[in-house]
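The same subunit A turns up in both complexes below, where it pairs with subunit B and then with subunit C.
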Partner chain A sequence: MSSYLEANARERLALFDSFEEFVGPAQRVVSPHLAQLNAPVSFDDGVVVGRARLGDYAVFAAAQEGGFMGGAVGEVHGAKLVGMLRRAVAEKPDAVVLLLETGGVRLHEANAGLIAVSEVMRAVLDARDAGIPVIVLIGGANGAFGGMGIVARCANTLIISEEGRLAMSGPEVIETANGVEEFDSRDRALVWRTTGGKHRYLMGDVQRIVDDSVPAFRAAAIEAIAAIAAARDAQNGAVGLTLEAMEAEQAMLEQRIARFGALPDPLDVWAAMGVGKPAEVPMLDVAAFTAAANPHRQGV
Partner chain B sequence: MDWKTLANALFPQGHDISEHENFLHGSATVNGAAVTIIGTTDHAPIGVEIALAQARAILATVRAHPGRAIVMLVDTQGQRLRHRDEMLGINSYMAHLGKCVDLARRRGHRVIGLVYDQALSGGFITSGLMADACYALPDATIRVMALPAMARITKVPEETLIELAKSNPVFAPGPENYLRMGGLQAIWDGDLAASLAAALSDAPSRDERSALGLARGGRKMAQPVIDAIVGSHHVRAA
Partner chain C sequence: METLNYRFEQGSRKLAAEPKIVGVVSSGNLEVLIESATLDGACEIVIQTAAAGFGPIWQAVMHDFQQRWQLSDTRIAINDMGATPAVVSLRLDQAVETMLGGAS
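Take a look at the complex of A and B:
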């Protein structure tokens, strides 16, 4: 079984038919900041970027390596993402596919990482504005957190596995700041149902949930690109941001607070949506879950 | 700086900014043209509500006043650290705010950010750092997190970080470091109204921060790496 969760960044590139890397590890472009902290460097600074074939599509892609500093974004790592996205604007591939696994800003390069993440965010939106769909895949052990959890939500389509997590601040950070009664980071079930793929799918923060396998992510990515292209060709959906889409998102997010903002636990949110037997949601496989979730999920 | 003192200095021709639960909103006249002001005060933690309030004000400006400039006044301790915010998907709320700023810019609204007190992490990424250009007052604090917390998480001794912060802009919280790295266009020291008026007429239309970071010596790798990928060649050391 080709688990996406257990694969590293380069193994996940198997979801493409071919891959040509930009600024590969042979060039040894490493972080200029880690050595002075006596921290190890990586010859790819924790991210692979390049162009790839995905079925019928020519795409640009990136894969973050969770095994190197949790996939966090430093100066070089961020610049590789920005460079790939800017080259995409110039060369107009059919889509950009981002395999995110990241804790967000790399604290060892704090200020440079923060600026880099904002440059990535603007570069993602530049790509969309140039008519290039951006697809985000989330299924690694480190999830997509911090500033990169924000970047993820700038994409056209997000695809997640049940094991994937998408959020802002990590549970440990919240527990450290406001106490164990605010968020018990060792309560794995609570952490999962607050940040995990099923909750994000029900809330409408992601568009697809798939099995934890490289082929499942591949198939969903191809379908997402095809769906965006079809909507665009039918003049039924813009790739870039529009005022109408942002007003609709504003209404959706306001309604979310109004409906669920006073509830204490995701289980209560699922019940309020009308999901039958919310306590059983964690046990369902993806097929049974989507069947149970689809009549009730938000943001559709 | 108190936001009212700041607003009076920025908008000597008058303004109608009001505060509601740390959210600042109003309008003023600069260079003879109306501008929309949004922002936060009292080191506001950015939770889902205040992110949406800012986004709503931006969308209202785009809808009702095409092309009107937007000024974002930044004072935040970063994203709110609560389970409720995470459950509701705070990253989606912050992304929405950032996207609204981006939309406004693309539709011809000049967007200027000003860090007048404190800017941290997620609260800054989706506000000042999404503007056409971001500025700061000399006493502003800008950082990802405080050095003691950074020391704990990175397992680098705090004394080492304090020492490094003296010579390396990557670790130190002052605005001059963000200036050197290209994250800030300039630090405003002097006539704030004149500075704002000039900023609104000179706003860059493209993201030039990595080039600024290289030119100013604070971020020497980012632009060469971007250039190597865009130009399909090897990285040329700065």
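Take a look at the complex of A and C:
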């Protein structure tokens, strides 16, 4: 069993058939800010970028290392992501696959980190606009939070595991800002049913939920690229972000807040959606969960 | 942060040209970048560690490592975030074994 959750960024690259790294660790392009703060650096600044083979597809890819500073995006880390995405626009691979595991901006690098994340967002949308689909995989222990949570939602397709999490503010941030009565960050069950893969799938924020394994993520990524290519070739699907898609998203969010905004807990949301036995949802395996969720989930 | 440098002369085992990296800079862990370099038969090790004041222990661990492998013309760079000596030894062995084409 090759757990995606347990693997580090470089081990996750096993989901590709081959991988050629850009700006590898031997080049020692490290963060200039961390050294000034007397903090440890990493030779790849916590992200691997490069070109890869994924089944029949030539892709560009990135994998964030959650172990190094929570996968947070600093100046170099962000520049590697942006450089890879811009090179994708120039070289036109079949897709870009982002293996995200990140808390968002690396606060040690302040403005440089914030600018880096905004540049990554722009680069993702530019890649899509150039006809290159962007697929995001989320299954690491750190989830995808903060600015990188927004980056994730800029992609064409998001694939998540039950263990994966996707949100803007992380649990500790919400508790610090709004109090433990609002959100108890130590309540693991609450954290996962609010930000975890199952809730995100039910709410329509992600398109696929898969088992926590490298082969499962691989298969789902290949299927996602194939589905986008098929829709594009049938002239009924745009790879780039369109005004219609933005308006549909906005309408989905408006009706979501209207329907569920007053409910205090995801369990109530699931019940309101019509999911039978919501209390049992966290215990279901992926197959049983998708069968139970598909008639009720949002955004499809 | 503390920077430590070691150089061991007259090794006998040369490694592949392709550099390799193993491990992650996370709490209690370290990354090891290992590469071939023309060093007159020596093995050079540079360590950046978050835990200052453990020079004698690093010296002992590096000495034991070089005794095991007798590396020649090899440069090793370590970014450490407070790994224990046992973890350091295992990670270094993993780095050499990866270079030799074994398990990664």
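Definition applied: the second predicted complex is superposed on the first by the 300 of 300 C-alpha atoms of A that agree within 3 Å, B and C clash if a C-alpha of one lies under 4 Å from a C-alpha of the other, contacts with A are read in each partner's own complex, and residues count from 1 in each chain.
Note that a residue touches a chain if its C-beta (ideal position, glycine included) is under 8 Å from a C-beta of that chain, and two chains touch if they have at least 3 such contacts.
Everything numeric in this text was worked out from a predicted model, so none of it was measured.
*Asks:* Tell me the contact category for A:N142 with respect to subunit B and subunit C: first, second, both or neither.
*Replies:* Neither subunit B nor subunit C is touched by A:N142.
*Asks:* Answer with first, second, both or neither: which of subunit B and subunit C does A:T102 touch in the superposed model?
*Replies:* Neither partner.
*Asks:* Touch check for A:T157: first (subunit B), second (subunit C), both, or neither?
*Replies:* neither
*Asks:* Classify the contacts of A:E65 with the two partner chains as first (subunit B alone), second (subunit C alone), both, or neither.
*Replies:* second
*Asks:* Is A:S213 touching the first partner subunit B, the second partner subunit C, both, or neither of them?
*Replies:* After superposing on A, A:S213 lies clear of both subunit B and subunit C.
*Asks:* Figure out whether A:A116 sits in contact with subunit B (first) or subunit C (second), or with both, or with neither.
*Replies:* first
*Asks:* Where does A:P40 make contact in the superposed view: on subunit B (first), on subunit C (second), on both, or on neither?
*Replies:* In the superposed model, A:P40 contacts subunit C only, not subunit B.
*Asks:* So which one touches more of the residues on subunit A, subunit B or subunit C?
*Replies:* B
*Asks:* Tell me which partner A:V29 touches in the superposition: subunit B (first), subunit C (second), both or neither.
*Replies:* It touches subunit B, and subunit C stays clear.
*Asks:* Residue overlap on subunit A between the subunit B contact set and the subunit C contact set?
*Replies:* The answer is residues 38-39 of subunit A.
*Asks:* Where on subunit B does subunit A make contact in their complex?
*Replies:* Interface residues on subunit B, with respect to subunit A: 48-49, 52, 55-56, 59, 62-63, 79, 81-96, 98-100, 102-103, 106-107, 121-122, 124-126, 129-130, 142-145, 150, 153-154, 156, 160, 164, 168-172, 177-178, 181-183, 207, 209-210, 213, 219-223, 225-230, 232, 234-235.
*Asks:* Could you please specify the touching residues of subunit C with respect to subunit A in the complex?
*Replies:* The touching residues are 1, 19, 21, 24-26, 29, 31, 33, 35, 48-50, 77, 79-81.
*Asks:* Per the contact definition, I'd like the list of subunit A residues that touch subunit B in the complex.
*Replies:* 22-23, 27, 29, 31-33, 36-39, 49, 75-76, 78-80, 82-84, 86-87, 90, 105, 107-119, 121-123, 125-126, 129, 146-147, 149-154, 166-169, 171, 173-174, 177-178, 182-183, 194-195, 199-200, 203, 205, 240-243, 246-247, 249-250, 253-254, 256-257, 260-261, 265-266, 269
*Asks:* In their complex, what parts of subunit A are in touch with subunit C?
*Replies:* 8-10, 24-26, 28, 35, 38-44, 46, 65, 67-68
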